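Each remark here refers to the structure printed beneath this line.
Chain IDs A, B, C and D follow the sequence of writing; residue 1 opens each chain.
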Amino acid sequence: MFVAPHIEWAALSPVLILLGAAVIGVLVEAFVPRGSRRLVQVVVAALALGGALVAVTWRWTVVQQDGPSSLVAGALREDAPALLFQAILLILALLALLVIADRARGEDAFTPTASAIPGSEYEGQARRAGLAQTEVFPLTMFAVTGMLVFPAAADLLTMFIALEVLSLPLYLLAGMARRRRLVSQEASLKYFLLGAFSSAFFLMGLALLYGYAGSVHLADIATAVPLVSGMDGLLLAGSALVIIGLLFKVGAVPFHSWTPDVYQGAPTPITGFMAACTKVAAFAALLRFVYVVTPGLGWDLAPFLWIVAILTMVVGTVLAIVQTDMKRTLAYSSVAHAGFLLLGIIALDERGISGILVYLLAYGLATVGAFALVTLVRTKDAEGNLVGEAGHLSEWAGLGRRSPVLAVCFALFLLSFAGIPLTAGFTGKFAVFGAAVAGGDWPLVVIAVLASAAAAFFYVRIIVLMFFTEPATGEDGSATTVVRSEGLTAVAVVVCAVGTVLVGVVPTAVLAVAAQASKFLL
Amino acid sequence: MSILNYLVLSGILFAIGGTAVLVRRNAIVAFMGVELMLNAANLTLVTFARMHGDLTGQVIAFFVMVVAAAEVVIGLAIIVSIFRTRGSASLDDASLLKS
Amino acid sequence: MSIDLAAILIVAVPLASAGVLLLLGRRSDGWGHWLGVLASAASAVMAFVILFGLLGRGAEDRAVDVHLFSWIPAGELDVDAGFLVDPLSATFLLLITFVGTLIHVYAVAYMEHDDDRRRFFAYLNLFIAAMLILVLADSFALLFVGWEGVGLASYLLIGFWNQRTEYAVAAKKAFVMNRVGDMGLIIAMGAMFASIGSVDFETVFAAAPELSEGWATAIGIALLIGACGKSAQFPLQAWLGDAMAGPTPVSALIHAATMVTAGVYLVVRSGAIFEASPTAQLLVVIVGAITLVFGAIVGCAKDDIKKALAASTMSQIGYMMLAAGLGPIGYAFAIFHLLTHGFFKAGMFLGAGSVMHGMNDEVNMRGFGGLSRFMKVTWITFGLGWLAIIGFPGLSGFWSKDKIIEAAFVGEGWQPWVFGMVALLAAGLTAFYMSRLFFMTFHGKARWNDGKNEAPGPEQHPHESPLLMTVPMIVLAVGSLGLGAFLAFGDRFFHWLEPVTGHAEHHDPVIPIPVIMGATVVLMLIGVLLAWRQYWASSVPLMPPTGSVLTRAARRDLYQDSVNEAVFARPGTHTVRTLTYADTAVVDGAVNGLGAGAVGLGERLRKLQNGHVRSYSAAMSVGVVLVLVIVLVARI
Amino acid sequence: MPETLLGQSPLTVLILVPAVVAALVWLVPPLRRLARPIGLVTSALVLAGAIALAVGFDVSAANETQFAQVADWIPAFGASYAVGVNGLGLVMVLLATLLVPVVIVAGWNEVTLPATVGDGDETAERKALDYRRAGWVALILVLEALMIAVFASRDIFLFYVVFEAMLIPVYFLIGVYGGANRRYAAIKFLLYSLAGGLLMLAAVIGYFFVGTDQGPQAFLLDQAPGLDAAGVPLITEMLLFLGFFIAFAIKAPMWPVHTWLPDAAQQATPGTSTLLVGVLDKVGTFGMIVLCLPLFPNAAAAAAPVIIVLALISILYGGLLAIGQNDMMRLIAFTSVSHFGFIVLGIFVGSATAVTGSMIYMVAHGVSTAGMFLVAGFLTQRGGTQDMGAYSGMQRITRVIAGTFLVSGLASLALPGLSGFVPEYLVLLGTFEVAPWMAIVAVLGVVLAALYILLAYQRVFTGPPSANHAGMPDLNGREKAVMGVLIAAMLVLGFYPAPVLDLLTPLSETVAALVTGGVA
């Protein structure tokens, strides 16, 4: 007898909307004439993200009323934290989309022909013809779909599939930069190989846990922990491998080595998207796995997580200090932030969940905003032609005088990264550190605090460069210039800045929502 | 035969795959190593499915194959485009991004 | 006018004058000096008002406490600003304002050619006000205001010609050494506050007799340190000689007549505390005795007329300290000598100024000689001062110094013998060095270039000073001549002070009084004769002869500066230099090193990020293995 | 309780006014040209407001919080917007609001264009200069708002937030408007402060969980229990205490975490240094009084001996280092290290008299340091260098500068009759009361003070008049007014400190009891 599984279509609506948009995007590529293709893609993507956000909000109210529920035969879990993670993801993705879609000076950040050999005649023709790689949008939509599933995944298989769905498009997107194609391709290759490598670990962990519990449902594994005896090795090794798979995505040391290279090589709008959204999704999954499966393991995993957290904070900070490239600096800073976020994971405390939520929102806003601004700062050669983004830190010197608003916004994001009070970053730090103290991990907090102080050095250094240093002209006559955004990036930056300030000054509403979400109900 | 044999075999395969990633210069071969690791995991899954007497593990193995296929598509696309650019698929050549 | 109002005005007027002169600046250049004189004179009038006010009262009523305002109401410590007018403070008021006014007048002429005469008078007025606060204060806290105030004024005046670096250094030296003394005073107040809970005179002196000897000694010693600083007593005497860098009226007013006597005032005023601690008293006497001899020896060798006078001042204050340390029998004698000394020493300083005025600011006595013919008034007034200080019978100094020598012989055990003999011997020394000074300056052959002799240096035309300068000198000379006898007559000064110093039982010295008097006179005559033989009868070489070890030591102030240099200055400089270096190298370096360490670590880690995918995956693999080991080992 | 129209505490208004004006001046281009007058008028109004506040203050209840306002802010963190002042808070607010207009007037022409801007285009230059000046005024006004807020905050979280936020305007004031090596100094300042601040953050969080009910108003200072009442182990209390104390010690600055100050003072403009040392650093000692002691009395009592030793070292070390400086501003900075040693000594020695002394010391030092920094600034602006060796005999050339420098210096060396005396006297006497030997060590600082001030005066102002500076102009009317106000304040604090003491004395018994009685 065949019993059709009950599918909760309504609850799945956010995912479905995005998946639909992605498919439509593919069709648009096929059927819509080239001239209007980009516009249609942007509109479809934006509508989909907006629609999904509305759907998530609606589901939030439903969950508030009816309580959490399992979807699709237990593959997904619809509960408050999942929805909140999804909401944060969608907001950040929408902002990132604006940056991706922006065509400052009539050019977007993507190569018109990803398959062409860099510097070939064919590529030149494509550029002159004004071609655009509009597949970027459906790819992004696919990635967001995967990310959206990630926080809600209630079994390891779903988690694995989601992991791949979000990763595969990103591997491609990383290689599509318009300029510095070699580097971009290299980033893509590295990201892909290492990503697949880590997927294998995740999968092996999945297999071991399956062997241990006879199920890949998180809830089942959690139930099995106190019951099954004699196979602790499987459980521990499996959990460790799964966590490692996820730690790779969040960029924790020593699984972080892809981060700087990929962040630097990928097209900057994609870097912003990836840095913000992937981290949100991966932390959501990590949080769910750790909070649901491992509380019973407690002290067995604690040393490992402690060491990783400390290494991540310290190595991220120390390496960021010695960087000379803007995107690499931000990449290492994101590694350090992963370390701070791990404190919330380790806390194993309700406050940890809300803390991570707030921190991720703060971090995401600042990240999207910062990378958005990076797209606008370009190098100009002696003839005045735009060459590319101003990557080297020294090229940012004196920006405060030339474009005060841009510099002030960038400084704001940096201060938020540094966790200065009255910025969102402080609220997040306070929440996460608070959770860690409540969980009894105060030595970690002290290390985190010291790392924050050291981290402040390189944020401050950039501020110093922008405001206190005279702008320098390169030996070849190149100089730094700021291009006008088409408007979309500007909107994204302003929203990020306002969000950063609001979450910093009046975080009550955000905290209240996060507090509501801080109970995982199984 | 003990279940252990299967697990050991899968462990060996996983290790061989991992080693391939570590030591082989050619991107394609390294990638094949990853595929080998995935299949080692598959073997584990199937073994445990047999042990538990439930089909989930086998189903997952199929999922993994599909995912691996998708990965191959993407991976080859990337490797090919790099090969066309550089005329080499050596991983060691791709090291512009560092420190 | 009531005493209260007079007491307020006596301070307020010079203070206001100083404020006006400083604030108006150059605009008051034309008349500023006269305002200064006027303010000082007004204070003198007030002093007489107060004197007659007190005399109009019964002996028991001669203490008026003038409450001003609540100054430091800090809970447990509650200090009111208030003045205490009693015979002791009134005596000082008279001395300060009277001598002060004379010196103001003198300075009008003396400073005539100085661009900054107005500023000079502002400082003088400031000094007068501060000194008056010092002696009028009814608490140690307010006394300290005056105490440091005179220190400041002295600093400003010594360094008045601060375009000469060594003068500025001398000023700083004076202030800093005074501060060392002030430190003692602060500690004394701390000890009072800790043991008695108050710093006002009334409470402290009332509680002093019940004080444990330990506290009393502690307070006494601390007060003595304060007194040593201000009065240039051993071991804080080194600043006084250098302080002669100031214009001569300053030397006369501050470094002879008034400020340097503040230490004596402090000891006498705090008599109640010293009486509670014989140890502290003994220390006062010892300090006085040492300084007495020290100053006398130095005075014998100095060729700079002002420095010789300064050494003499030190020595004379040693007499006063010695007396003050003897307890109630000595207090009145100390103050008496202080008063007479104020007159004759001020007179001599003014005389020295007059000499310098006539000799193009030359101070080296070896370049003087035979000046009596050219400046008669100066010669006579100076001569009276000379006779007074050497204790020539009948003159002021005779009355006051003799009493101290007698008192020093009172007591039991070894002390009267030692201190008495020291005091006696010093009288002879005083006679010698003062006569030396007087003869070298005014008598013998002229050793300055008068256009006819062979003497080096520019041609000199010694002349008498103007009236504005000579009149104050004459007035002071009258004081030198008659003040002692006037006050000693019928012990009227001692009765006047009795409400403050208490009545001292009469004790007989260990040697009969006539013997002491006789010995004093004989020693004095010997001193004068020796000086006459060497500095009048025989020719004085222009270049000082090498001299004995003692002479050379005395010329260098018995190596006081070398000692200070070796014990404090050099190690201090060394410490400062070391610390300054260490601050950047060690303290700051530790922090910077931490930063550099982080960067170094980063650079090293950075090498791991070599761009090769294979090493990245290797790192990951190692991580995985380690994690598995950690996790599984923990289980086993 | 007096309330303003909007039902807010007058303190809230005092905080908001400069903040809003700062935003307007910076953001509205037409106002930029008028930035300095606007800034002056605003700060004068705020001063007037603060004086009105003082008039309305009930002196008989000086140890109670007045003009209080409490509103929810971030309930999840237990944070409220709570402002109010007791006697100490009021005095500090008055100090801050007094110094801001003084600094604006003193620095009227201090802000100039860097040589590279404009290239001769006059309108562009004019515009750039206006912009730069507007930024300066805005930063100072923002700083004023934050200073009032920090002294008025009655919530630990709010205090912390403002404490950290203050770094930003100062950082820019040093980094944008400072001297040649300003970047290094600004970064050093920021990193030191941040390191301390973040440790304090950890302690704030810890206190939240250990010492409070974790409710929505957990951080309210007036309800915050000391940890002695909460039955917390001493080691925990000590760790939290250290978190706060280290932050405050860096701010205050105490040996050995003082090294940021000389660099900051050397590179910052005199006005910035004035606010930095005169007011901001007082937040450190203020925090020790209002946070460290009441919240962690046992730990404070246990740590007091060590802290006292550090304070004594600061006194002597600061004094000795000041003697060794060649740079005027560095010298003043080191004198401050010494003075802060006195303040900390007074706070922790456990005598009510000394605590009173420390509190009034904070005001007195603010005024005298302001005088020294500003007059040294006037001199160096004319002479072109801060190196004392470059000057000689300036007393003969610029008499008013010499005089005002000397008076400020004398106030700094605690000459009786000037502002420095009463506080130092109270600290020393109070210390002697409980720890005579400590007082005797501390009193050495008095001699060092004489040395470093007079040595500086000697090197710069005495000796043969320097030919390089002949004809250098003396203070103009504006500058005379600045120094006049400050010297008047020094004299008032020296001769009639009673009104201020009346505000502070009621508090000190409680504070002193915390150190001495906490060990029970």
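Throughout what follows, a contact is a pair of C-beta atoms (placed from the backbone, for glycine too) under 8 Å apart; a residue touches a chain by one contact, two chains touch by 3 or more.
Here the structure is a predicted model, which is why all the values come from computation and not from measurement.
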Chain at the geometric heart of the assembly (C-alpha centres): D
A-B or B-C, whichever has more C-beta pairs in contact: A-B
Length of the line joining the C-alpha centres of chain A and chain B, rounded to whole Å: 25
Inter-chain centre distance, chain B versus chain D - centres from mean C-alpha coordinates, in Å: 64
Chain B and chain C, separation of their C-alpha mean positions in angstrom: 95
Gap in Å, rounded to a whole number, between the CA centres of chain C and chain A: 78
Residues within chain A bordering two or more other chains: 189-190, 193, 197, 260-261, 457
Shared interface positions of chain B, touching two or more other chains: 18, 21, 30, 91, 94-98
Per-residue overlap in chain D, given as positions that touch at least 2 other chains: none
Listing of all chain pairs that touch each other, if any do: A-B, A-C, A-D, B-C, C-D
Contacting residues of chain B [partner chain A, same complex]: 14, 17-18, 21, 27, 30-31, 34, 37-38, 40-42, 44-45, 47-49, 51-52, 54, 56-57, 60, 63-64, 67, 70-71, 74-75, 77-79, 81-82, 84-86, 91, 94-98
In the complex, chain A residues that touch chain B: 114-115, 117-118, 157, 160-161, 164, 168, 171-172, 175, 181-183, 185-190, 192-193, 196-197, 199-200, 203-204, 206-208, 210-211, 214-216, 260-261, 264-265
Contacting residues of chain B [partner chain C, same complex]: 18, 21-23, 25, 30, 91-92, 94-99
Residue ranges of chain D touching chain C (in the complex, touch as defined): 192, 255-256, 258-259, 317, 320-321, 323-325, 352-353, 356-357, 393, 395-396, 399-400, 403, 410, 415-417, 421-422, 425-426, 428-433, 436, 439-440, 443-444, 446-447, 449-451, 454-455, 457-458, 461-465, 495-498, 501-502, 505, 508-509
Of all residues in chain A, those that touch chain C in their complex: 189-190, 193-194, 197-198, 201, 232-233, 236-237, 239-241, 244, 248, 254-255, 257-258, 260-261, 299-301, 303-304, 307-308, 315, 317-322, 454, 457
